[in-house]
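The following pair of complexes shares a single chain, subunit A, combined with subunit B in the former and subunit C in the latter.
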Partner chain A sequence: MSRPRLSHVLTSLLAGALGVALVLILLELPAHSGLAEPVTEAMDRSGVGHEVTAVLLNFRGYDTFLELAVLLLAVWVAWSLGRQDPVPARSVRGPVLRGTLRHLVPVAVLTGGYLVWVGASTTGGAFQGGAVLGAAGVMLVLARPRSLPRVPRLGLRFVVALGVLVFLASGVGGLLGGHGFMGYHPDWAYALIVAVELAAAVSIGLGLVLLFLGGRVQGDDDDH
Partner chain B sequence: MSPWQAGLLLAFDLTLVLTLLGVAWQLLRGVNLFRSVVLFIAFGLLLSLAWVRLQAPDVALAEAAIGAGVTGALLLVALGRLRRMASGRHGGEGS
Partner chain C sequence: MITENLVGEIYLVCGALLFVLGVHALVVRPHLLVKVLAVNIMGSGVFMVLLTAASGPDLIDPVPHALVITGIVVAVCASAVALALMLKVRAATGQARLPSEAPED
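Up next, the complex of A and B:
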């Protein structure tokens, strides 16, 4: 009985020592403002008014592009694991949930769109807006888990990949225009960034719903 | 900011940190998976509050929407599927 206790004590001591070491390192960090100054200097060329969006979509657009690709890859992997089994939820009887959703989903779509739109000038962005859209989709699925809408195969795949496709097209366009891969012409930056963000938000929302469903949607057979 | 307000904010921050640590400890050592998932969602919401206090509203929004909301929904549906798989093994395959 004393052995597990000893190992517990050892683990706690080691974890505590690691924590103390990390805090000490944190206190020793040199005072440095990071990349705030270079970003502020380049803001007038970024096309947007919000520093975070400028970094995510313009200065470090490649990273955001890869994040979208990771989400697409996750949906791909979930689908490759097999057909979707029904969501473990009972169909809800009564009018309350459906009536609520009828009012809530339009508000969620509006909120998601607003978050994407406002991301160009203040807090917001594609991932946040996409998550709101995805949450609305998840609630729709939960309201009627047994009767999901039939979606055209090609259309579904196209919309899930839309964010990556638009981002890639805009990035290659920057390359051909002489601004480097994932670069923008300063005059076009705002329109391109908003277009990329809108496409990305739709793809993120749909991707999250598809991950929630897990597996290929029923009736979406391409094996034969 | 008056010293009184600063003290109040400090007390809030300390409470937030302690609650975060307590919730994390509870959700990691619990054996009830459903309880752990619910605590994880609560942890995400508290963490987004911490991001607000660190003046990072963008991260806070992403944490609340994705970290707490969508990840919570994914974990809950995965838990439901696991339970059905476990009960299907005992009592025949039902669709």
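Up next, the complex of A and C:
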């Protein structure tokens, strides 16, 4: 009994020491201007009006591209680990849930689309929109756990990879157009960024639902 | 000082606190679900510090904001993979926790 108590005291003391050291270091960090000024100067060439979107989709497009690749990879890993367990829930009878879903899901799709579109000029973007779409998908899955829609194998894989594919196509297009990999022609930047964001939002939404299911979808056989 | 105001300092301290809480739970708790949650809480602490660093006196630095939103998506993906692995551990060993004694070599 004494040994675990000693180790608890020791770990708590170490954690406290780490916390004090972190607070001291963070409060002593030197002031800096950061990258706000370079970003503001380059905004007129970015194609969009919001700084964070410009950084995400234009100046640091690589990061966002690889982030979409990470999402794809996570779905890949989850599918490699096996088939999804059945969702441990039963469909609720009655009209309330069905009626609520019938109104909530279109509103969620509209909200997600709006968030993607508005991301070009103010707060919003592909990830916020994708998260709303993913939430709508999770809601659908939880509401009808026993009767998940059968989706074609190839279509499902294509939509999950759509964000990466569109981003890659746009990046290679920039390379061929002489703007460097992941670069945009300034006149085309807005259209390309919105297209990439829309594709990314759809992929993120579907990817989140698939990660929530946690495995290969029921009925998605790889025998043939 | 990285921030000039009291709110910024509170954010920094709370970020450090969240990080330490996460580290402590990650080390002490044997259950794998708690460990996954602990890593997420550590990440939240880091995000708080990054957002505080982004808030300048006149201009807001957008690059840390972009880093944080990228980090959120990557954290969600990593958590999902970790939870899928946890379910496999539970299916293989019957429990989703680390063994309490070290395996004998």
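Basically, the second predicted complex is superposed on the first by the 221 of 224 C-alpha atoms of A that agree within 3 Å, B and C clash if a C-alpha of one lies under 4 Å from a C-alpha of the other, contacts with A are read in each partner's own complex, and residues count from 1 in each chain.
In this text, a contact is a pair of C-beta atoms (placed from the backbone, for glycine too) under 8 Å apart; a residue touches a chain by one contact, two chains touch by 3 or more.
Worth saying up front: this structure is predicted, and the values here are computed from it rather than measured.
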Request  = Go through the superposed model and pick first if A:Gly214 touches only subunit B, second if only subunit C, both, or neither.
outcome  = both
Task = Figure out whether A:Glu41 sits in contact with subunit B (first) or subunit C (second), or with both, or with neither.
result = neither
Query = Between subunit B (first) and subunit C (second), which does A:Asp187 come into contact with in this model arrangement: first, second, both, or neither?
reply = neither
Query = First (subunit B), second (subunit C), both or neither: which does A:Ala135 touch?
reply = first
Inquiry  = Residues of subunit A touched by subunit B versus by subunit C: which partner has the larger set?
reply    = C
Inquiry  = Quick check on the superposed pair: does A:Pro88 touch subunit B, subunit C, both, or neither? Answer first, second, both or neither.
reply    = first
Message = Looking at A:Val52, would you say it contacts subunit B, subunit C, both, or neither? Reply first, second, both or neither.
response = both
Note = Both partners, subunit B and subunit C, contact subunit A at residues 52, 85, 125, 127, 208, 211-212, 214
Query = Which residues of subunit A touch subunit C in their complex?
reply = 8, 11-12, 15-16, 18-19, 22-23, 26-37, 39-40, 51-52, 54-56, 60, 63-64, 67, 70-71, 73-74, 77-78, 81-82, 85, 125, 127, 204, 208, 211-212, 214-215
Message = Which stretch or stretches of subunit B touch subunit A in the complex?
response = 57-58, 61-62, 65-66, 69-70, 73-74, 77-78, 80-81, 83-84, 95
Contact set on subunit A toward subunit B in their complex = 52, 85-89, 115, 123-125, 127-128, 131-132, 134-135, 138, 208, 211-212, 214
Remark   = subunit C residues touching subunit A in their complex are 1-2, 4, 9, 12-13, 15-17, 19-21, 23-24, 27-28, 49, 53-54, 56, 59-67, 69-70, 72-74, 76-78, 80-81, 83-85, 87-88
